[in-house]
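You will see two complexes here that share chain A, one where it goes with chain B and one where it goes with chain C.
Let's look at the complex of A and B:
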């Protein structure tokens, strides 16, 4: 069957490239999630802080990056970043266009968006810690950093897992938009394969299936992480 | 006041002042909750703080370990004065590290237990000694096991707080405080959140602590504890000390009319 050869691993097959592309999608998303976790925890901290200026800044971040289309952010980071790099290049005597690496630009753009959602997840997780447990930590003589390390951090992590699983899912799909920068991710590769073989239906179905495999597999990972983290919860909640 | 005191086993001992509080005042907004409270607790004293809700007794207890910052007044633990300073018109601790250290010397037991829910009972008990006092883990575990045995929940050492009854959680919380080898134990309504049938097991642990000579300040509604276990009863009313004396005297005929009325409500 010609169709099976097309998606197979033979010399005319796209199987190898598609798997590589799926791996690329996974990598972009993982790096984006990491960038988002750093940005998100900083923004969550700003939003919870006593300073009015920090709270406003944090609020602005989440409002802007949750309220603007993802594609626009990607264009902004990739093309905006590239013009900035080109301008610096020109100033240093280099002629011509300098592009930002599409992987870095894509991961950064998706990471910035993911950070806005993660900030809300972390903020909610912090607020879910019973206040009395923080008081008990103070009362036993823990200083600020010890309280964070021993009581706040582990509990924020625990309460954040379901929300972060959700954000991961969103970021995985957002990463498809990075294909506009030419990065050979799953979206882009499906598109190229579809175009060059004229089997649009076949390759978009295969691409979709690969996305589904990635999302459902990671969903299971997050669910089991959640179960593990919730072993200290009352059984009725732990099973929910 | 005499420099000696009678402890629960009936022997006389020199009264080292473990806790000294001078003229504590505290307002929330325009409402003055504490209007100048002073108190000295000597070694082995078991002082029950009684009063209607809103009389300021819990706030007073929380001011002692600075979970609430008093607007005015002085607190010394074992002779060491907690340094305060005025900043922006507010009374604040001058030295965070001193506050942390003094807190580690004061055990606090809360109404709602407040065990750390992500740690097992044993982990809760060793957390303070290992991470605040930086003592060797193995040594802390050995001591924690003795404490858990003492409060009667040794078999729950690897359970999480959510899987224990309220009485078991409160006894674990007492063990957690004791693991710090505190100079004074503060109890903030330790049995008020418990089902009636679980109150007894917690009071028994507190009673045995008192008998071992632990210095204790107990905010409580348990009249039998105040009467039979403590050696001093303080009755607070509207942010002030209304009556202060030995339980026999107060519960006998020495209490003020408001105190009589208060215990009347308990059918006592």
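Let's look at the complex of A and C:
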């Protein structure tokens, strides 16, 4: 019974803090996905553009941030960002060390990583648009922005949903690594609870279960979003 | 940029490379074996085995590797029956815990990849093999395993690269591999960018070599997909 008290919501229970931490994990991942979407669409645009310099830059971005361990990128953003902030502070006359807030550092780091994956998702989705539709839009005189708004945007979004779902799952799991910067996310809170109660097994199991709930629930969400986006499409391979 | 500092950093980081390689190769090997067992259970007719495999895949793919690693490293020692068992001298070692959790985790992902490889085998090929009297182990050895592995290879090489990146987490349970040493160097010298560039170069080259090897393996395994030579090869 004592174990249930520990994970409950009483004065000695960690239940409330763990739920709050799960919310924090969701927030970090959501902000990271948003940053990743912006970076990813820019990189995808660079990789699809005619300029060789832009293509090389985009290729380098996706190769580096998909090939280097996530933990190393988090260290880069957290320590590198902190020294940059300190340098700015010193220039503005503030003495001493300034740290980058761990939420910002974590969301930025996971966002940079997910941007590399999302760039590939968006690029694949763009290439999945039938060439004839783009030519038809051009033929009836749509200009670039209208073509993007009416033809490219909606279709890229639809084709990208399954890929974005995968990236979300990846980012959710990568966000656990942000705990090394001290952010009170689900991983960090389970660790603190485990350390202070000496019940490591219990709290890591509970934390793991909360992660499983988050991943399986968001999986449902993305599946239904995919169904909804494809509701007017004839069913083809890969659908039940 | 300070060339001598970069050179020294590279030397320190390369000294930790054998640890990364050991973690990687052991966990890919044991994870692969475990994945074969899981996928065999997953496609078997036995409902209990199938549900166990489904549960295994769900748990190990749905939760972060870090929490699995901490569960094994910190959690297991809490039980007396493990601490006083013959396994304890091994499970006390951070290296063993790291390899164990990496292998358990990759087995979940790899089992799914192998299952999709199995599903990609045309039913006709299996029927043809059965009609000439192959079954059981012979069918697996001659038809299922080679064809499924060939289909699974592209996805499997992605998973192998993921494993190279996952070995970085071992530094959080005090195994000093490349990322852990890089972190220590960053906090000693505060020269984040230089250390990051050196460590990133090591990982990128390692991943590049692994992907090249996998591409070569795929090329060797798929002679039927290559175009026939234009001129008949002279027979001797």
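Convention: the second predicted complex is superposed on the first by the 236 of 240 C-alpha atoms of A that agree within 3 Å, B and C clash if a C-alpha of one lies under 4 Å from a C-alpha of the other, contacts with A are read in each partner's own complex, and residues count from 1 in each chain.
Note that in this section contacts are C-beta pairs under 8 Å (C-beta built on N, C-alpha and C of every residue); 3 or more make two chains touch, one makes a residue touch a chain.
All of these numbers come straight from a predicted model, not from anything done at the bench.
Q: Here chain A is shared; do chain B and chain C fit on it together or clash?
A: Superposition check on chain A shows chain B and chain C fit without a clash.
Q: With both complexes overlaid on chain A, does A:233 touch chain B (first), chain C (second), both or neither?
A: The first partner, chain B, only.
Q: Between chain B and chain C, whom does A:63 touch in the aligned arrangement: first, second, both, or neither?
A: second
Q: Count the residues of chain A touched by chain B and by chain C, then name the partner with the higher count.
A: Between chain B and chain C, C touches the greater number of residues in chain A.
Q: I'd like to know which partner A:23 touches here: chain B for first, chain C for second, both or neither.
A: A:23: touches no partner chain.
Q: Using C-alpha centres only, what angle sits at chain A with arms pointing to chain B and chain C? Round to the nearest 10 degrees.
A: In the superposed arrangement it comes to 100 degrees.
Q: Using the superposition on chain A described above, determine whether A:204 touches chain B (first), chain C (second), both, or neither.
A: Only chain C is touched by A:204; chain B is not.
Q: With both complexes overlaid on chain A, does A:133 touch chain B (first), chain C (second), both or neither?
A: first
Q: If we overlay the two complexes on their shared chain A, which of chain B and chain C does A:38 touch? Say first, second, both or neither.
A: In the superposed model, A:38 contacts neither chain B nor chain C.
Q: A:76 contacts which: chain B (first), chain C (second), both, neither?
A: second
Q: Chain B to chain C: minimum CA distance in the overlay, Å?
A: 25
Q: Which bits of chain A are touching chain C when the two form their complex?
A: 63-64, 67-72, 75-76, 79-80, 83, 172-174, 176-177, 179-180, 187, 190-191, 194, 198-201, 204-205, 207-208, 211-212, 215-216
Q: Given the complex with chain A, which residues does chain B contribute to the contact?
A: 65, 67, 96-97, 100-106, 108, 110, 112-120, 127-128, 131-132, 160-163, 173, 176-177, 180
Q: Which part of chain C faces chain A closely enough to touch in the complex?
A: Residue positions touching the partner: 58-59, 62-68, 70-71, 74-79, 161, 164-169, 171-172, 179, 182-183, 186-187, 190, 192-193, 196, 199-200, 203-204, 207-208.
Q: Please output the residues of chain A touching chain B within their complex, sorted ascending.
A: Against chain B, chain A makes touches at 130, 132-133, 135-143, 146, 150-151, 154-155, 158, 231-235.
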